[in-house]
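Listed after this line are the structures, all set down as C-alpha cells.
Here chain A shows up in two complexes: once beside chain B, once beside chain C.
Showing the complex of A and B:
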C-alpha cells in the first residue's frame, strides 16, 4: 500500500504546504557563470516528469482512439468513445464505474464517521488499553493487502455471508478507518482544549460545543480523511477481488479486460476521473489564493 | 437563577471545604472562601499554588474532590459549566478562530437564546472600543485587541460572576496598564463580582479590593491590599507581596505595647498589636521603604529601631528611588528603598551606614522565614494538565 501511504501524506499536507509558497519572497537575481548544475537539474526534472506523466498521457490520448476490440494500436482520432461511453459490452464499464462510486461513497461516509469518533476518543479521553488500540489501528495499514483480503474472504465464508456489494463496503470501510484515524488524530491533537472549554463556559451544551466548535475546527482534517478514503476505496483492487463475488468494480473490470484488450471506454472513464481530480485541485488553489488576497486587503 | 436571563447584579461566591486532588498530587488542600457580591477579588500566588484550579472549579471545568460551591447562595457543585451563571476570560483568550469577532461575542447570548444577540454583542464591543473590527477573524487582531474581545465575550453575558485567569499575562507593560484601568472601569460600571487570578502582585494590589494570597493549595492571608502589605502575617506573604527584611530571634523583653527580639545581638522592637506571636522564637520584619539610611551614627531615639554600623554592598539606582543592599553584622543583608529626594544615591558601595525605622512600622510573623517556599515546582494550568495526563497514563498502563 506504499503508494496509498504516499497519497495520504500528500492529502494530509495539502492544507499547509501551499501557504509556505506565498511567504517566500522574491529572489534576488544573481549573476554567475553557467555551470554543469545549471542545465543538469532542469534536464533531470523534465525527464522525471516525462517518466511520471507518460502513463497518464497515454491513457488520455488513447481514449480518443478509434479502436475496434483492443486499444493498443493507434487507428485514428474520434470523440465516439467519449460520447458513447456506456454503450460498449452492454454498459459493463459504466456499471463497474457506478459500483465503484457507490462503494467509495458509502465506505467513505462510514469510515470517516467512525474514524473521526475514534480519533477524538484517542486524543481527548484516557481509558484502559488506549495505547494498545492506537497501535492496533496501524495494523490494517501495515498488513499486506493480499493477507487482509484473503483473511476477510475466509471470515465471510466462515460466517456464511454471501459476497456482494455489502462485503466490499465492509472490507473498504475496515481499511479506510485506519487512515481516517491517523489523519484526524493529528488535527484533534493540535486543537486547543481551551476552545472547547470556552464553549462550555459560554453556555454551550456538549452537543452545541461539538457541532459549533469542535467539528468546524476539525473539518479540514475530516475532509482530507474523506478524500483519502474515497481515493483508497475507488482504486482498491486486491482486497476487492477477494470479497466481491460477482460484483465488478472499476479496477476489477480493468483487470479482467486487460487480458483481452482494455476497451477505449475504460480510458475515457480513467481520463475523466483524472480531469475531475485535477479540476478539484485547481479550484482549491484558486479559491485559496483569492481568500489570501481578500485577507491581505482587509488587513491593509 | 436561570441562565436564560441576565444577572441583575453580581452574586456572592462561597467555597466551602473545597479539596481538589489530581492523580499524584493535591492541588487544593482545604479551601474556605467567601467573596461578597460586587467585589473585585484577586487570588494571588505563585504558579502551582492552586489558584487556577480554584478558578476552574468555580467555572465548572473541574469537579472538586470534596466541598461545595455556592453562587448567590445556590449550590452549583453538581451543575455543569454551561449551566452556571459564570463566565471566564481565559489566559490564552480562547477566541474561536473560525468565527468573526461579532460571532465570538454573540456566542454565549445565542446559546442562552437571549434575544437581540447581535445588538448586545455590538454594544459590548463598543465598550472595549473594538466595534469597528466586528467582522474580522481573531487571527487578524493583535494580542491586546484579542484580550479585549475575550473580555467583551464574557461580560456581554452579564454573568453574576466573572472569572479572569491571568488575562493580562501576555500583554506588554503599557497595554497591561491600559487594560487594568479598563477592567476596573468596567467592573465599576457593570457592578459584577470579579474573581481575578494572577501571579502578579502589583496587578492584584492595584485592581482588587480584596486580595487572597495563596500558597501550596491554601490561602495564607486575605484582606485589603494595603492591609496585606503593611501587616503580613506569614513570611510567604511578606516576601511574595513586595520585599521584606526579616529577623528571627528570641523575645527578650515585653512591655504593654511592645516586645523586643534579640536578632544576632541586635535588639529589635515591634508593637505587640502588630505581631502574631509574643513569646519564644519569633520572626519580625520591616519593609525596605520604611527604613531610613544614615551616613553618620544617629542618636538613639525612643520608638525607633537602630541597626549599624553596616556596609553598603550594592546600590541600584532606578530613577525615582534607589535600592541599597546593606550588610549588617549579625543579621545578614538588608534592603533599603530610598526616594531620590536629592540628586542620585546618597551612599555608595563600601560606605558605612546606620539603619533606623519606626517601631510602629515593623511587624511580627506567625512563622519562620522559609526561603525554599518562594519558588516551588512550576505547575501552571498547562503543566497541571500535563502532569495529570502523565499520572493517568502511568496509572492505566500499570494496571
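Showing the complex of A and C:
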C-alpha cells in the first residue's frame, strides 16, 4: 500500500524466520571458480543501494536549505528550519503532523487488538466458514487503495456521515487489520506448544497460561504488527484523501502544497521521522541478533 | 510478502485445533469490522456505480437506479487511462523485478554467512519506507527537473540531447512507480531466496551445467513463489496509484492513470457513479489478472 505494505514485511518476516536456519542445508566449502558474480554482483548491489537512497539524501539535505516559500533551489545552509519547525504558515505543517500521529496511534491500537484476536483464533481454534474468513482477510491487501478509499467514501456519503478525523481512523484501522493478522499469525504458529503444556501441568488456569506464557511469547510479533500498522497509517495518502474532508494529515499536506511548493519544514519532519524509524529498526535488529547469539551459546 | 506470509503459515504443522466458543469471541469483533468497513463499502461502490443523476438535484446528487450505461460511458471516456494504468503498472513491475532480483539474491544467498551485513542491507531496502512516499516522489521530480544539476550537467557533457526533457513524460511516471515499489519486490524475493538450499545449485554445476543454466533451470524455478508474490505486491498498488502520475508530481496531462480520473471524478467533479464504475472496473480487472497469473505460474497455494 502506499508505500507501505511495508516494513511489515521485514518486521513480520524476521520474527518468523528464526527457526528456518537449518532447512537450507549445511554449506560445504566450494571449490573456487572466479565467476562473473564474484565482482559484478557486489558492484551492482552498491550502485543499486546508492540509487535507492538518493531521494532520502535529497530530502534530508534540503531540510537544511535556507529557502523561502518553496524549497526547490539551494539557497544556503541553515539550522533554522529544524529549530523553528512550527513557525511556517501558522503551524500548518505541525498541525498536520499531529493529526497523523493521533490517527496513527488510535488506528494502531484498535487494529492490533482486533487483528491479534483473529490471528490467535485462526491458528488455535476450529470454526466454520474458515475459508470465507481467510478470503475476507486477504482481499483488503489485494485491493488497490484507490478502490478501498472510494468505497468507504461512497458508504460514508450514502449513510450521511460527515468526513473528519473519525472517518480517517475508521479507514486506517480497516486496512491495517489484515497486515496485523498476517504478522501475528506467523508468531502464533511458531510457538512451541510444550511451553503452554508445561504451564497447564503446573496447574495454571487457562487465563494464567495465556497471560503469563502465551501473551509474553507473542509480544515480539504483536510489537512488529503495531509498528507496521503505525507506519502504514502514518504514510497513507490515497485512502486518507478520499475520507478526510477538511482534516489534513502530513501526507495530505504535502500533496496539497505540491503545486505551490513544499516548505523546508516538511523536509525537517520527514527527516526526523526517518531517523526515529531507522533507530527503532536498528535497535530491533541488534537485539534480535543478540538474542540469537545468546540462544546459540546456550545450545552450543 | 503478505502473500508469502499467508503461504508459509498455512504450510506449518497444525497444532491440534479445538472447537470452542472462545473462537467466536476472538473472531467476531474484527470480522464484523471488516464486514462493515471493507465489504459493505464494496457493495455501496457497486450500488453507486449504477446510480443515475437525480431529476431535481444539483450537481453531485444521484438516485439509486440500475444505470449500467455508466460502465459504457466510462470505458468510452477513459479507455486510454485504463490501458495506461495496466501498461505502466506492467512496465514498472518488470523493471522492479529486474532491478530487485540481483539485490535479493545477494542479500539472501551471497550474504548468508554474514548476518550483520544481511540485516544492514535489509534495513537499507526498507529505508525508503521511512521517508514520506510523497516526498520521495517529489525529490525525484526535482532531481530530474529541467534545471536540475544532474540534467544540466548531462546536457553539458552531451550525454543527453539539449532538448531532452523528463518531467511529465510516461518515462518519468514509470520510473517513479518502479522506484516506489522496489521494496515490495525485493522483500518477498529475499524471503524465498534466503531459504534456497544451495545444494541444489551445486548439484546443477556437478552435472556440468554452466552458471547461467543453473540460474535459469534451478534458481529461478525455486524462487517462483517470491517472484509471484513480489510481482503482485508491485503490480496491484502500481495499477491503482495516482500520486506518481499526478501533474504536481512526475506526470503530465498525457500520463494520467485510472487513479487520477477516479480521484478527479469523486473529489472534484462529484461524479460519484463514474468514479465508482471505474473503481469496480479496476478491481475486477486486477482480480481476473491476478487469478490467471497465479494459476499459470502454478503457485495457487500462495493464496
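In this section, the second predicted complex is superposed on the first by the 247 of 300 C-alpha atoms of A that agree within 3 Å, B and C clash if a C-alpha of one lies under 4 Å from a C-alpha of the other, contacts with A are read in each partner's own complex, and residues count from 1 in each chain.
Rule of thumb we're sticking to: a residue touches a chain if its C-beta (ideal position, glycine included) is under 8 Å from a C-beta of that chain, and two chains touch if they have at least 3 such contacts.
Remember, it's a predicted structure, so these values are computed and weren't measured experimentally.
S.K.: I'd like to know which partner A:295 touches here: chain B for first, chain C for second, both or neither.
M.R.: A:295 sits against chain B, while chain C stays out of touch.
S.K.: Answer with first, second, both or neither: which of chain B and chain C does A:127 touch in the superposed model?
M.R.: both
S.K.: Under the stated touch criterion, which partner chain does A:197 make contact with: chain B (first), chain C (second), both, or neither?
M.R.: In the superposition, A:197 contacts chain B only.
S.K.: On the A-aligned overlay, A:208 touches which partner chain: chain B = first, chain C = second, or both, or neither?
M.R.: first
S.K.: A:287 contacts which: chain B (first), chain C (second), both, neither?
M.R.: A:287 contacts neither chain B nor chain C.
S.K.: Kindly classify A:70 by the partners it touches after superposition: chain B alone (first), chain C alone (second), both, or neither?
M.R.: Once the two structures are laid over each other on A, A:70 reaches no partner at all.
S.K.: Which chain, chain B or chain C, ends up touching more residues of chain A in the combined arrangement?
M.R.: Larger number of chain A residues touched: C.
S.K.: Now for A:144: first (chain B), second (chain C), both, or neither, which partner does it touch?
M.R.: second
S.K.: Going by the contact definition given at the top, which residues of chain A touch chain B in one complex and chain C in the other?
M.R.: 126-127, 193
S.K.: What does chain A use to touch chain C in their complex?
M.R.: Checking each residue of chain A against chain C gives 1-10, 12-14, 16-17, 20, 23-25, 27-28, 30, 35-37, 41-42, 44-45, 48-49, 52-56, 58-59, 62, 72, 114-115, 117-118, 120-121, 123-127, 133-134, 136-148, 150-155, 157-158, 170-171, 173-174, 177-179, 181-183, 185-186, 189-190, 193, 231, 235, 237-238, 241-242, 250-251, 254-255, 258-259, 262, 266-267, 270-271, 273-274, 277-278, 281-282, 285, 288-289, 292.
S.K.: Touching chain B in the complex: which residues of chain A?
M.R.: Touching chain B from chain A are residues 126-131, 192-195, 197-205, 208-209, 212-213, 216-217, 295, 298-299.
S.K.: If we count contacts the way the header does, which residues on chain B are in touch with chain A in the complex?
M.R.: Touch list, chain B to chain A: 3, 59-61, 80-83, 86-88, 90-92, 94-98, 107-108, 111-112, 136, 140, 153, 157, 385, 389, 392-393, 396-397, 399.
S.K.: Considering only the defined contacts, which chain C positions touch chain A in the complex?
M.R.: On the chain C side, the touching residues are 1-6, 8-9, 12, 15, 17-20, 22-24, 26-27, 29-31, 33-35, 37-42, 44-45, 47-48, 99, 102-103, 105-106, 110, 112-113, 115-116, 119, 121-140, 142-143, 179-180, 182-184, 187-188, 191, 194-199, 202, 211, 232-233, 236-237, 239-243, 246, 248-249, 258-259, 262-263, 266-267, 272, 275-276, 279-280, 282-283, 286-287, 290, 303.
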